[in-house]
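Here's the structure, in structure tokens; my notes come after.
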Amino acid sequence: MKVIVDFTVVPIGVGVSLSPYVAECQRVLERSGLDFRMHPNGTGVEGEWDQVFAAIRDCHQALHEMGAPRISTTIKVGTRTDRQQSMNDKILSVEKQLKKK
Amino acid sequence: MKVIVDFTVVPIGVGVSLSPYVAECQRVLERSGLDFRMHPNGTGVEGEWDQVFAAIRDCHQALHEMGAPRISTTIKVGTRTDRQQSMNDKILSVEKQLKKK
Amino acid sequence: MKVIVDFTVVPIGVGVSLSPYVAECQRVLERSGLDFRMHPNGTGVEGEWDQVFAAIRDCHQALHEMGAPRISTTIKVGTRTDRQQSMNDKILSVEKQLKKK
Amino acid sequence: MKVIVDFTVVPIGVGVSLSPYVAECQRVLERSGLDFRMHPNGTGVEGEWDQVFAAIRDCHQALHEMGAPRISTTIKVGTRTDRQQSMNDKILSVEKQLKKK
């Protein structure tokens, strides 16, 4: 089952500067081979359900190994059976609508 | 890796009455053997990472089979390495704090 | 506009024990007069849009005053115009479905 | 209080094509004068707490007026008192970290 996911990892107990942890998670995604893109408040990823959630699990493990004792992550997951849709398609659909008016 | 998860499944394209779908997802969780509890805006689940996310995947599959062409789910995931904590422990910690003042 | 909200406040930069902060947020909700109920992974609240979001803003302010330099909160918001629905109604709808099979 | 918000609006009961609704919400944001940017799975917005949540409320109202009987929205909110940070700053912090290794 294909999924489009958007997630935000918040390490807890490591102070206020979270960017080293967010960067480490980007490296985990890089190694996963999945298609992903960062935005200011999270990261979008697409792929097979099991692979995507294994990659997010690997982020948690990598961040615990870096010293984060606690992690709170928010994930949005979309699946659809009516048609295939990529992250690019989603943006294009909205842009097409915006041009209508 | 143990996780505490809270998730909300929103089937799209099946009208406004979502309770038959939420109920089906409860049945999937029942069969998973995981510890879970429903609240008005979602369901809390605890267990091993892979088992919990397999159960949520099975909810998506069951809801697609019921006829939902599209599903949007929001998931909060917590992991910690400093100590074990159950959903009950979380509630008890806050209640202890509330009694202090 | 009536809303049903579910939210989870994560103070960042205050160590791993978050329960004193979660408890303070419960006190803010108590003072707001809104109908709310805590569960292991967040708190459900219902009321008018502006009052509910003012209460969550007041939680942020109270937690910053307690010393949290950074806060990350996740909020789910539901509104509907087809009929009135309370948090209790949502639970009852699902329970009714669960009894069917 | 300044906030950085990321939100995803899911209209329910209007079929599977949500892009006309997402586009309408972009128009509401445009009129709000707030700084915002869309990504494949949501929209980031920054500004004062009350203005940002009024804009999201206006999205809900606009979508109900378009015919959506029910809307489910997920919002991530960040506030911090230690320093000012924009959405651009967040991306730059992570990119700086990624260059380190």
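Labels for the chains are A, B, C and D, by order of writing; each one numbers its residues from 1.
Rule of thumb we're sticking to: a contact is a pair of C-beta atoms (placed from the backbone, for glycine too) under 8 Å apart; a residue touches a chain by one contact, two chains touch by 3 or more.
Just so you know, these numbers come straight off a predicted model, no measurement behind them.
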item	value
Which of B-D and A-D has more C-beta pairs touching across its chains	A-D
Copies chain B and chain C touch via same or different residues, half shared test	same
Chain C and chain D, separation of their C-alpha mean positions in angstrom	19
Whole-Å separation of chain centres (CA-atom averages), chain A against chain D	17
Whole-Å gap between the CA centroids of chain B and chain D	25
Junction residues of chain A, two or more chains touched	8, 13, 16, 69-70, 72, 74, 76, 78, 80, 82
Contact footprint of chain B on chain C as seen in their complex	4-6, 8, 16-17, 19-20, 22-23, 26-27, 37-42, 44, 74, 76, 78, 80, 82, 87-88, 90-91, 93-94, 96-98, 100-101
Residues of chain C touching chain A in the complex	8, 10, 12-13, 15-16, 18, 69-70, 72, 74
Residue numbers on chain A that touch chain B, as the complex places them	1, 13, 49-50, 53, 56-57, 60-61, 64, 69-82
